[in-house]
């Protein structure tokens, strides 16, 4: 049984691109982190060190910068699709390309024309794949840190010999959410309104997190995902990855103090980790 | 010449405290990172391992949690002062105490009573010292990420044999600001309005960063610091630490493209680093 | 088309476990980071908030600690297999379990019986899955930082209109390697000698990195992977993920100095990123 | 009372320099992170934006690279002194300069001539200041992670109303040590043997940590510092900063298991933090 080359791809990761649109006095700024990865027959590069089919990663970086000027950046999904299609269409050995983009948000300082401040810790993301079977767009948000100070329970769970956790009907529920949703093929085909979809999904995730009385983080996530799919017909599925950031009520009894869920210790590790996909019936 | 014990102190660093104020249905949340450090005669602990004068760091942590309940958290400066005074007044061997607090900001999700999201990357800080000579309060903000897309120059600088940088009259100016200001003794004595002062200093820093046409980051910082002192008589001095986050215009010439300061590469390292204190005449 | 629950699992991430074996005066220490994840029918927890099938993540953490005492830690693969099998066999709703472990290495200080120092930045890893189809073991190493100061070329590559990189026949080649290899089912069945295999794979990776004259990082990786499979019949495949940490020769010409590849600037981002799997013919 | 410019300095932080010495087939590599900071009369840059006295930070970076070639890197202290003296002597407005260097260690892979791997997490450091009053050299090590699995007590401590910690006569003692020692002026003058001193101080710190039966981390640190000064007459003082990385014995009682200090949970935050300086009598 011989030894053979399996799956392989390569690219340039984390090209930090900043783009100023200075068409008039009121500048617009875009702040991206772009990663590209190419798939194709690069076996000669591995097996005998022949680079004839290998477009340097340095060139991929140059392409990102050049396209930021020549094509411009509408939404990150558009920019990623343009880049990915270029690599597949124009670079002969490439059969498929994946482009990942993170976008960092800035807002104007007091409505200034050209002075800005970074806002929020949350990051908008997309991962676009283009290949023989067409295009795939998975967009999302990460580092969306959410907390409920009440309205969260965890009780009635399975108990085995290693279980010491008491059930609770009032706890702090906190997470740093990563959400990634897949656009339906038809939406990608006709060009979805990426920005509107992003805002809508994000808003509905926040709304359901806030307003669902939570019997478990699992339940909150399901309701959040379901609402996202109900709100956006162009979204085929959504994956939610949610660490359960434990807030432990401190026992103040030794100091003669009651602690009716007012003082908590926030722990770093370990943390619960819930991962769930919500999708449309018939998909997988 | 013998070997002796020099300066020494000890404490509990980074107690992660979360406090819910649930006096009515509309909760208020506070999210702090508290570090305490005690100074006094702890030489026996070092020299012979005698802990009789050493209040355990575990106790310091307990004290932070207990005071969060029994005293409550008004502004972080108040909480730090209360903690520091407790250690100095109530723990016999302690001659001075330093309490550092970082506060992370949360905002309501759609004005919800008990659902919140973390806002901003910026962190509010204070460092309080209490000792024989009274109290000192240094408050501030860190991770305030600012950028100007124009209105910044750097020219006319000193040129030596290792200088290759061309002068520029239009560049991107970006920083992640750490500002720390010292309150005047009188203000600490009477109890400053810490929250109002924080907002005012932060606003004036943003305003001057935005509106000063910058001939150098140094000049912007001076104008920012000066304006802070002008705005707040209760602030004695302010220290600004500002990395210069370089945004390098990409040469698109090889691709037949002009780049009139539209496409930039954001670099990680190295970075310029400017540190400056602005103070009132007569102080040092 | 309805909305349904898709793939879902949950667990406790990053339980930091430290184990002292103190059978005699000469202690042995083990330092692990353990993450568990359970798969099964947890749909009721999501859909209606019914936790009856949900073993708390807190219990999973307890189980890790309890097994560290009652079973002990031989190799991390053994410990992960034992934990995963327990969850599948003893917790009724669980159909499959994944356990990931990172191990941090310590060495004795001057051969001391109970004093140790952390060694190396590299981390030994395993990811074990146990389900209906049996067990899978993927072990590896991460943060193995390697560099060749010569013996590395990159030339003859594909050139398009965005290519500016000059070919080179002598460059610095550096990476922070993550290697993950899958053990053959038969080896898992009979219980592989995990520690011997780890040392052997790691050694052969280092040897091939060092001794293969590299025409591209791709080629080095292929030779490293191939040698690993040749050395270990119990390894079915190996995946190598290798950032290309760029060392850029500095142009010292403006200072009247030649730089025959002696002075380099190490960059953080962007970086090339090569991912490749080497496997046995007939597998996929 | 007017507003004036206080202390100010500026420089280039974190220039990542890699140097290959390729005088023969057996290469030597050096991997440094260099930060420079200049002090002088730069008030015009701040007050009126006049850069005539400001040597660009870009030039400082260039100087680091150029000197790495023209002067070479003996020990990091030598390199830092050379750079600092250049800025003070050759750049007219500069009155003092501080150069900080971190060095990352590499070792040969199987004694190879030009293939290397990073070793250890620990980092060698120096901070050199040159000004009117001469030169100051503070060298050290950071990220030296140490642990004793027994031979450490903590008992007899001060108890107040917030104390709940039980005394212990056998605990795990762990830290990630940062040590910084100051060389005596005479040693700097004649050129200390920096590498020998580094090895000697580091070895004695390890030895005392391992072999002192610890009644408190404070005591261990004092003994470590004292031994360093005894071993090296050229060291005037040493500062030790030591987080107490808490290893908490897990209560396995609920699972019917005894835990005679065998199974521990390693916590991230909070942590004790001990800082102490050991010096020669008569110094301060």
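Letters are used for the chains, namely A, B, C and D, taken in the order the chains are written, and counting of residues starts over at 1 for each.
Going forward, a contact is a pair of C-beta atoms (placed from the backbone, for glycine too) under 8 Å apart; a residue touches a chain by one contact, two chains touch by 3 or more.
Keep in mind it's a predicted model, so treat the numbers as computed, not measured.
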Between B-C and A-C, the pair with more C-beta contacts: A-C
Computing the C-alpha centre of each chain, which chain sits at the greatest distance from chain D? A
Rounded to the nearest Å, the gap separating the Cα centres of chain A and chain C is 23
Measure off the straight-line distance from the CA centroid of chain C to the CA centroid of chain D, and report it in whole Å. 30
Intercentroid distance (Cα basis), chain C paired with chain B, Å: 38
Where chain B touches two or more other chains at once, by residue number: 15-16, 62, 66, 162, 164, 254-255, 268-269
Mind pulling up the chain D residues that touch chain C in the complex? 15-22, 27, 29, 31, 62, 65-66, 68-70, 106, 109-110, 112, 114-121, 144-151, 172, 206-207, 209-211, 247, 250, 252, 254-255, 257-268
In the complex of these two chains, what residues of chain D are touching chain A? 161-162, 164, 254-255, 268-269
Contact set on chain C toward chain A in their complex: 1-16, 35, 37, 42, 45-59, 61-63, 66, 90-91, 93, 153-160, 162-165, 214-216, 218-219, 221-222, 226, 229-230, 237, 243-244, 269-284
